[in-house]
Each structure stands twice: as structure tokens, then as C-alpha cells.
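Look for subunit A in each of the two complexes below; its partner is subunit B in the first and subunit C in the second.
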Partner chain A sequence: MANADTILIVGAGPAGLEAARTVAELGKKAILVEAKADLGGTPYASYATLTPDLKETEASMKHMLDAVQQNPAVDVRVNTRIVKSEGALGAFRVSLSQESKETVEEVGAIVVATGFQHFDPGRETQMYGYYEYDDVITLVDAEKMFKEGKVVRPSTQEPPEKVAFIQCVGSRDRQIGNKYCSKVCCGIASKQSIEIKRMLPNSKVFIFYIDMRMYGFWEDQIYWKAQEEYKVNYIRGIVTEIIKKGDKLLVKGEDTTMGRPMEVLMDLVILSVGMEPSKGTIEMSRIFQIPREEHGFLQVVGGPLDTVSTPVAGIFVAGAAAGPKDIEDSVSMGAAAAAKAVGVLNRSALHV
Partner chain B sequence: MQKAKPIELDVAVVDGVELKGSWNRMFEPRAISEYDLSILDEITAIPGAESLGYCYQCGKCTGVCPVDTVGDYSPRKIFRRTQLGISLMDSPDLWLCTTCRNCLRVCPKEVNMIDIMPAVRERAVLEGNAPEELLQAFENTARYGNPIGEPGRKRAEWTKSAGVSVPIMSQKKSPVDVLWFVECYPSYHPRGKQASTALARVFDSLHVDFGILGNEEKCSGDSQRMAGEHGLFEMLAEHNIKMLSKYSFNQIVVTDPHAYNAFLHEYPKYGGEYVVQHYTQYLSQRLPDMSFTHDIPYRVTFHDPCYLGRHNGEYDAPRQLLKALPGVDLVEMGHCRETSYCCGGGGGGMWLDSFTRDYASERLSERRVKEAVEYGADILAVSCPYEVPRFEDAVKSTGNAGKLAVMDITELLAYAMGLVDSLVMAN
Partner chain C sequence: MPSDRYTDVALEEKQRLFNEVKADARYESYLYGCYECGICVAACPSARFYDFSPRKITQTLAREDVELFYEQLNDDVWNCSQCFSCNRCPRQNSPGGLITIMREVAVKNGLRTTKEALAGYTRIIYKIMTTGTQVSPDMLQEDAFPDWGPQVKAVSENLDVWRRVLPPETLHTTGLSWQVEERTMHELYAIWKMTGCLDMIGELDEGLHDIMEEIMDDALEESGLVAE
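Right after this comes the complex of A and B.
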């Protein structure tokens, strides 16, 4: 029963890394498969710092990468994709493709941690002119600049005087088809606003929002901190559209606490793009036959009481593949999915 | 019930000319075209006013701000207007706050108008940018030691007709147990003097070993401080502390909750540390020594003064006194204790009635009087010297003359103890 001692983990972001580490710590073997060349997932690839503590991503996550790379019980395969899966709990046969070499691995259980992708603000509607105006960027584009230690208007390479964040881009929108809140964007925008004010203390930073959703400790750790210490301006009322005016952007919407229309000029607009299931997540749904719930993410069976078990016996999900999650959620789910995967293998071993 | 309307639909009559609401758009562009943050930066840079920038627009303050019930004003709105670049220094908003502390009681972000208002107003006063009538009250206080403008040498004149001996410290030349800090309205205002007479007689009948500063006393200055005249407050505090230092006493009893606030929290900063009680606190401890001879067969309600209640947490002492009065049926108004309305006199409001009239549909005192009438009270009992004149005016202006009498608790006590001849009822 060698295969029943091995758990396949798909995706090496925070959830997958924590799942692999936990599997190893519980005395089983892990195969950690990552389609990209690097471990660390979306935070590592796209975020200069983490929310809510504003610490540098690479330094913060290094111990998670070390824990799998230096562990003989974890077989790390980068540049590797899943192409096929057969069998069932206790005896899955999964075909992996690494640089066009195909291998088949026998594993007892599977954890899918293939995460999310950022909403493409050019999709369906062009109201914010993301592909038209150089100075309309996303949270991810901003993080790229932060990694280089700067924040500039792409059109001029000059520092902006006025910066606007627009919340809920691609989230909470029936027309777009995403009825859910992406959960982390309010926090990330607030985090970025602090970083912009640190780099450009004289800049004016605005966050246009429908509701600020700063649950738990994020409320005072980022939201209050941004407002009280960094004088970030939170304006209730979302931006409807952006119009080019000279070399600036005219941001139009309603200032709802004043009950008046608003048309203000900005130098840089940052779109707080939400989460959608990644291509990998959709692909895993197909290959492993995991149903997707109504918002398109991988389905779990236990509602709020079991966040990691999918309807397929022996297959678990962790992180944003199951819906919008912050890093805390993802890491917790990674450990929970690993523990349940080990548990189900232990039980099936007893019955053999 | 008045529903909110878009300004375009408001019809205004200006100097007798009826203006259609659509004109409003010509005077005020609908769209906000700039958030000029320089004003917010300027205001929140003033020491004490930092927390104005903390507002996250929940609107809890608006729900309890007494001024918003009569006008378009609340701390939340002040923050937003300032964030839009409207100058708070030049806005009537700066002078409408009565520092009643109801907003701070409910504010989740601790936006502290009790610190913000005096700090910003001080800046405006230094720039000479304050309402004329307020400046007049400041000038009177500086010149005469009281905001009313009465001669300082007549401050103790009320004692001559008090009917009992009211010892003045400079003449008494011996230590006393209680130094009674009388304050301005109780020394000069006709109704204030009646309450002072009543309190003097209660003290006398309880054999309180007491004295007053007489003409050596000046205004405690707390409301002038809240209205933005910090320099004047310091001058008054130093004067009063100096006068008090000449005499020996065990404790201070104050008539005025505003003076209570100053003695409790501000005078210690200038070296004036005393045991201080509001008169209701002192007298409630002396209840066992009081004997009552006259019934007060009326329905009485009590208005909590902002500076005794919300500012300093004393709600029970006045009620203990009222409950002890024979015959009194004490009823509580809906807004009582910490949810009490404000009479409109605090934070300089006492000297801004003409100014405020232009921005309010009615006076705060009028709202309060209407509530007292609604609860069927015959007597509105008070324990702050600002309140008797304010509420008596409001009784008349709301058409309730003859229905509601306004009395200081000391007046009720003195009557029940048989120390004054009659209770001046409304009817």
C-alpha cells in the first residue's frame, strides 16, 4: 500500500505549501505539484508585501518554502501540470506532465490548492478604461511598482499627487456574474494606501467604497491605521466611470454621505480587482470531477462546518480555489485539508 | 414629519421674494469637483483637533446630536464638510456645538468634539473670527469677571437680601468647612439670585460652616474655555486659585456644573487642587439632617445638566434630593440621565442665542420644555444656573406659560424645609 502513504498536493501557494508541510509532519509523503517555475503562489508572484502586517512577502514566506524544499518527505515538482486522473480514494492514478515528460503517480488522497486569479478589469465592461488609460492600473500593477520601491503615473513616470482606489472591481456585481465579495481587496487597498503615503507623504490618497469590509483585526490594523495615521481619505460611494480630461482622469460617481454627484480629477487610479477561480482551479474541477459551487469555485460539502472536503471522496480543497480567502484562511485550510487527507488514508488502511 | 427633499425642489422666500428651488442649483453646483484636503489638514494639525480626521461616517453622532434635531449639523457632517474643503474656521458650524458630549458618548472612533471645539475655536478667536455677541461675553468676563457685564464690586450684593447670614471670606477671617463658589448667574441673574438665596438658607438651616469669596470671586471660565477663549480661562483660573489660596477651607461646593468641571479637571493643571462637590452632591449627603415641613404636591421632572451628567457622571445626587421631597411625583423624561437633551447653553451657547437663531428651527431649550410638557410635568427641576432663565424663556416661547414652572432644586428644597414662603408655580 505504498500509494496510500502519499498525498498529492496541487498548487504551491500558501495553502498548498502548508498542506505539504502538514502532510510531512503527520508522517506521510507529499508530492507537491506546481505549474509555475516558482513556489509561493499568487502572493509570492504578485505582492511586494503581505496584508495585514505589511511585511515583505519573500522574507515572510521563506520559512514555508524552506519547510517543503528541505523536507525529504516532500517531493516538489515545479513546471508540472496535472493532465489526467483515474481511480478513487486510496488508489488515485494521476498523470503529471513536466516539460512534456509524462509520469503517472499513485496517490491515496489529493489536496487541490490551485487558488484564484485577479479579475480582469477589461472584461465585460470598459467603464474604468483599464486598457485605454495608462494611469488606470490594478492592485497587482501597483504591487509591481512597490517591488521596485516606487509609485509613479505610468504615463509620465512622475509621482502622482492624487491617487484614487476604486473598490469592488469585478466583485458584488450581478451583471458581471460575480455576486460575491472578494473579501481581501478593502484590506489590500488600505495596505497599499499606507505604502503610497510612506513613499509619497504629500500625496492625497482616496478610497472610494460601497462598504468597507475590514473584518476582524484588519479594522484597526489597516483601516484605522490608514485613516488616522496616514490620513487616507475614505469616501463612501463607488466610482461609476472614468473619463480622460487633459492628462488627468476625471473620476465620476456619487459621494453618498453628502448625497451629491462627484467629479474629481485624479493622477492615478488603482482598481481593487477581486478574485475569480484560476484557470488551474477550473481545470482541476474538470480533471478530478469536483463540482463547482454557484459562484464557480470548487464545492465543499460541509458548509461552514467543513471548509475542505469536496463531494469526491479523498479529494480536498484548500485556499482560494474554494472561494475568496485571505492568506490566514488559506494557510488554515491547507493544514486542515492535509489533516483530513491523512485521516482518511489512516482509516482506509485500517479497513484493508 | 418632514421628509428630506432635493434642494432643487426647495422653495425659499428671500426678502419677500419667492424663489423656485431650481435656482438653488445656480447658487450651488450639485457636483463635488474637488476634495480640497488642505482645510482638513489644517484643522487636524491643531493640537486637540486631531481626532476630527478619525470619523468613518457611521452617523451615530447625528442620531444623538441635539443641534442636528434643530439644524443641519452634526460631527459627522462637520468632518465631511471639512474634508470637502469647506473652512470650519469661517463656518457657523464652529459655533453651534454646545459641547454637550452626547456625540462622544456614542462615537466608536472617539472623535472628541470636547477637545476639537475649544482647540479650533481658540484659533478662530485669535484670528478675531468669532460671533460678535460671543466676543462681547468674553470682553465682559475679562473686564468685569462675569460674562453678563455686571460690575464686579456688586457680585456679593445678593447676599444682603438673602435673609440669612452669608459670610464673605475676606470679612470672616477664619477657616470654614465649605467654601461656596457661587458663580456668575447665581450672583447676578434675578432667578439665579433667588436660587442662591434658597441655597444660602438651606446651608444656614443645616448649620453649614461656610463662606463665599464675594467680590474676590470671578467667573470660573469653563464655558469661555470651551468657546475658544483659553487665555481668558487661564487668567480667571489663576485669579480664582490665588484668591482661594488666601483662605482655609475643607472643601469647595459649587452651584454651577461648568464650574464643577473646571475645578475637577482644569484648575488642578494650574495648581488648584481641591475637594470639590456640586451642591446636589453635598446636599444629598446631608439629607438625614433635613426636615421637611411643606408638601410639594406636583409632578416634577429633572433635566440632567450636560456638565454634571455626561461630562462628570453624576446622575443620582439630584434625584436623591427630589425623591426626598414630600409630595413630589418624580417622572423621568424619555431623554434623561446619559441620553439627556442639552439646554443649549453650554460651550458658549449661553452667549450665542442670536447667532444660533439663524441656523436652527428652534432653540434646544424649547425642545426640552416640550418634552417636559409631553411627560405631564408641572415643574421642570434643574441644577445648573444656565437653565432656569433658558427654560423659562422657552416655556413662554413655546406657548406653555402657565403649564410648566422651572425651578432650581435648591428652591424646591428651601420651600419643603419651610425656608421660603411660597412656591412660585406656573399657574
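Right after this comes the complex of A and C.
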């Protein structure tokens, strides 16, 4: 079998990078395909720091990028898209398009790590005025400011006195069609609230939530830390709508903690947008014929006991292409998918 | 939104009282953070009978919601029985401890609502501060405690005899819950004076304060204990 030793990895975020590194470490060759010009995926492109340790993303992830870029066993192709796939386990023929130049690669197994995209808060039932009010932004917009070392109201470029996060934007909402929790937004909002308080110690920061979901060590590393050390106000109750009042934003909701309706003026509102399957993930579902599970992400077959095998033999999934994941899950899945991909190639080589 | 009961009080005054609570040395170890688990309310005996929530008190302080704090300082803190069942908080907050601090600030500042809440306790304050014991046997009169049943009358008529039946000699008292050494009483007076507890009563009930101060000063002068 000609290329049984090569594994194609689609997407170079944390999951794809870890999959490529692991494939190389297990003695096989990897082709790592990335549609964008840069490696590192969504965290690298959009987040100044990582959750929960608040360390700078670029510095933290550098060793992952180096591990594939400086590795002769990893063939890195940026600005490259998958356009077609034929064949089956042990002998996939995949057409790649790089700046309108098409090539066909023969690979034994495939790891899809095409990740998620952030929910678009302008959609349907969202009454938060993201596209109307300059001072309503998303977690991603906030990270862009943090990269420049500042936090300001976009309308005035002045530092805000009162900042509100609204959780579960695009998540846990049957009306929108996303019944799932996006898993990381509680942690990211808490992380950002700490960063805002560090930059603006006199500001007041509120987080409006349904439930705070920060598992394991995130509990005391970011949730308790934000609340106890940085005096971030967690208010249980989701904002129904945002109305412009003078140059402020009137936030309306129910303070269920105190059992009363609530209207507060804010200078800056940050929407904690959730995860949806990325366009790339949907595209890979079509090209590789991987079924999507009921929430729209790529389906895995093993329930909680096999997080990376898809119903298609020889094709594995890693990271947020399979559903909302944090970075540690994505990296773990990347290594697991790589190990299983190498495993099926070893087995098919023995049968020959 | 807070009620409109205290709109006549300036925000600065509410903030001043809040700062006084926050400045207390115990505050930091009584308040960490709250995730609204409700265990304090579940454990709270007062919450079963009054519209009272130790969780809301803790949450209000954590949020530094000055308006709501002022409302609770006036309307809620005297509903607490200070049993500290709420101390089982998994975040290690002490809602009861926070209420202790709030009560002290309310008393020191002579809030009108505090005077009203404590008006019925004048006799008990007097008894505790001048004798070191709270309810004495001779307070158990038929007319004062009709709900205790007909035996109260019989007991109160021969109180001295009944008390002398009790084995410990220190309980052969009628005007005190138990016998208190004179020296202990004098030390107690010195403590009330030196810690400012007696002065706190001055803000609450000037008349009561003056009566107790006279008793304590006379006793201390006689005893030779210096209270300054």
C-alpha cells in the first residue's frame, strides 16, 4: 500500500497540531493542511491569553508550532483546502487546493480537526444590539483590545466604569437551535473579568449568567479568583435586552439571586458567544461523508469511551469539530486521534 | 432594584456605614464569595419563620450594593438568631458573622430602626451588662409568661424554696440566673467600658446607658479596678 504511512490532518489548531506532532513521534508521516495562512487555529488567532492560566497564547503555543514546522516528518501546507476525497481506509485519495493549484495526496488515515466558529450574536432572537451599538462587543472583540494592552469603550475610546458580560449567547437556547453548553465561555468571561480588573482596578465588572460552569480546577483558578480577589459580581439572571440610554447601555434582566427585576446602566457589554461547527467542519462532513450528530458537530461512535472515532473507517476527529471543547480536551483528542490513526495503519499493513 | 423606603437617606451616608462594616478586622475572613448554593438559608432557623435570607446578606456585601446593604441593615439583621448554623458554607463565608458586624455598626450609629428593634430588650441588656447573666428566675412571672402554663404561678410563689432544692449552691439565686462573684462582675464592667460596649448602648438608649454607667462606675471605684 503506497502511502499507508502518511496521515492527513485537516486543521492546524491545538487539536491538529498535537495530532501532527504525535503522528511524527509515533514514526509515521503527516500532512498538516490549514486553510488559513497561519498555524495555531482559533485560540492563536483570536485570544490574547489562554484560559485558565492567563498566559500569553503565542508564547504558550510556540512549542506546538515549532514541533510541526521544524519536523521533517510533518509536511505543513497552509492556505490549503480539501476539495475532494475518494477511496477508503488505507488508501484515501484526497484532492488539495493551494492557491488554485490542485494536488492529489494518497493517505492511509485522516484526522479532521477543523474546529468551531463563534456564534454570530446578530442572529434571530438576540436583542443585544451587537450590530447597532458600538459598545456591545464579543469575547473575541475584547481579546483584540487585550492584545493591544487596553480595554476601552469603542464609542469613546475611554476606559469603561461598568462592564457587563452576558453568558450563554448562542448556547443553551432552543429558539436559536443550539441546545448545548459551549463549555468554555464561563471560564473565558471570568478570565477576561480578571484581566479587566487588573487593567482598570476601579471599574465594576458584572457577569450575568444562567449557571456558572467551570469544571475541575477552573473553579478556584478562575471563578473563585475572579469573585474573591477581583470582586467581580456574578449575578444569576440573563439579560433580556439592551437599550441605548444617552451614551450608556441599559441592561434589563432579572436578578434571580435577589428575586427582583433589574435595570442597570453599563458602559461596555461583552457577549459570551458560544461555539458552532465551523464552515470547515461542515465542509469536511460533506467531503468525507462523516455524519453530523444532532447538534451539528461531527459524530463519534464510542460515546464517552471513544471520543475520536467517526463512523467512517480510517477517519478520526479531534477538538471542537466534534462539539464544544476546551483546549485541554482538544489537545488530548489530537493525541488520541493520532494514536488511533497510526494504530489502524499498523493493523492494515499487517493484513497486506 | 432596592425599595423606596430609604430614599430620604443620602447615598453618602449609606456608603459611610458600608465602609464602616467593611473596615472591621473580621470582615475579610467572614466574606469570600457566594455561588448561591443556599445551604445557609437551608440551615437557618430564622429563614423558616421570617422573610430573611443569610444568602442575600452575603451576596449584597460581596456585590458592594450599598443601597440594598442599607435596606438590610435596617430591616433584616435583627431577624438573625446568631446561631451560626450558616457557617457550614462551602466557601467558608460566615453570614452570621457579617450580620454581627452589621449589628454593631447599626447600634454604634444609633439607627432608628435598630432602636425600635431593640426597644423590647432593654431589661435583658440591663441584666446582662450589670450581672453577666441573662434571664433571672424572678423574671418568670405568671403574667409575663402565660404560655408557660399554670405551674409558673406555683413556682414563682415559692421561688426561693424551689431554687434552694437545686443541688449546685451557685443556683440558689432568684435575682440572678446563677451566683456571680463580685470580682467577676467588676471585671465585666471594666470590659464593657474599655471595649466601648457601654458607649454603644449610649447611642441606642441614653437613659439605660446612664443608669448602667453609674452602677459600673460606683462599683469600679469601690473595687479599685481602673477602667481607663
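As a convention for this text, the second predicted complex is superposed on the first by the 350 of 352 C-alpha atoms of A that agree within 3 Å, B and C clash if a C-alpha of one lies under 4 Å from a C-alpha of the other, contacts with A are read in each partner's own complex, and residues count from 1 in each chain.
The rule we apply is simple: contacts are C-beta pairs under 8 Å (C-beta built on N, C-alpha and C of every residue); 3 or more make two chains touch, one makes a residue touch a chain.
Predicted model only: the values in this text are computed from it and were never measured.
Aligning the shared subunit A places subunit B and subunit C in steric conflict. In the superposition on chain A, A:Arg260 makes contact with both subunit B and subunit C.
By the document's definition of touching, both partners, subunit B and subunit C, reach A:Tyr234. By the document's definition of touching, neither partner reaches A:Tyr131: not subunit B, not subunit C. More residues of subunit A lie in touch with B than with the remaining chain of the pair subunit B and subunit C. Across the superposed pair, subunit B and subunit C both touch subunit A at residues 212, 223-224, 227-228, 231, 233-236, 257-258, 260-263.
For subunit A in complex with subunit B, the touching residues are 204, 206, 212, 223-224, 227-228, 231, 233-236, 255, 257-258, 260-265.
Subunit C makes touch with subunit A in their complex at residues 1, 32-36, 55-56, 59-60, 62-64, 68, 91.
Across the complex, subunit A is touched by residues 30-35, 37, 40-41, 44, 53-54, 56-57, 76, 80, 83-84, 109 of subunit B. Within the complex, the subunit A residues that touch subunit C are 212, 223-224, 227-228, 231, 233-236, 257-258, 260-263.
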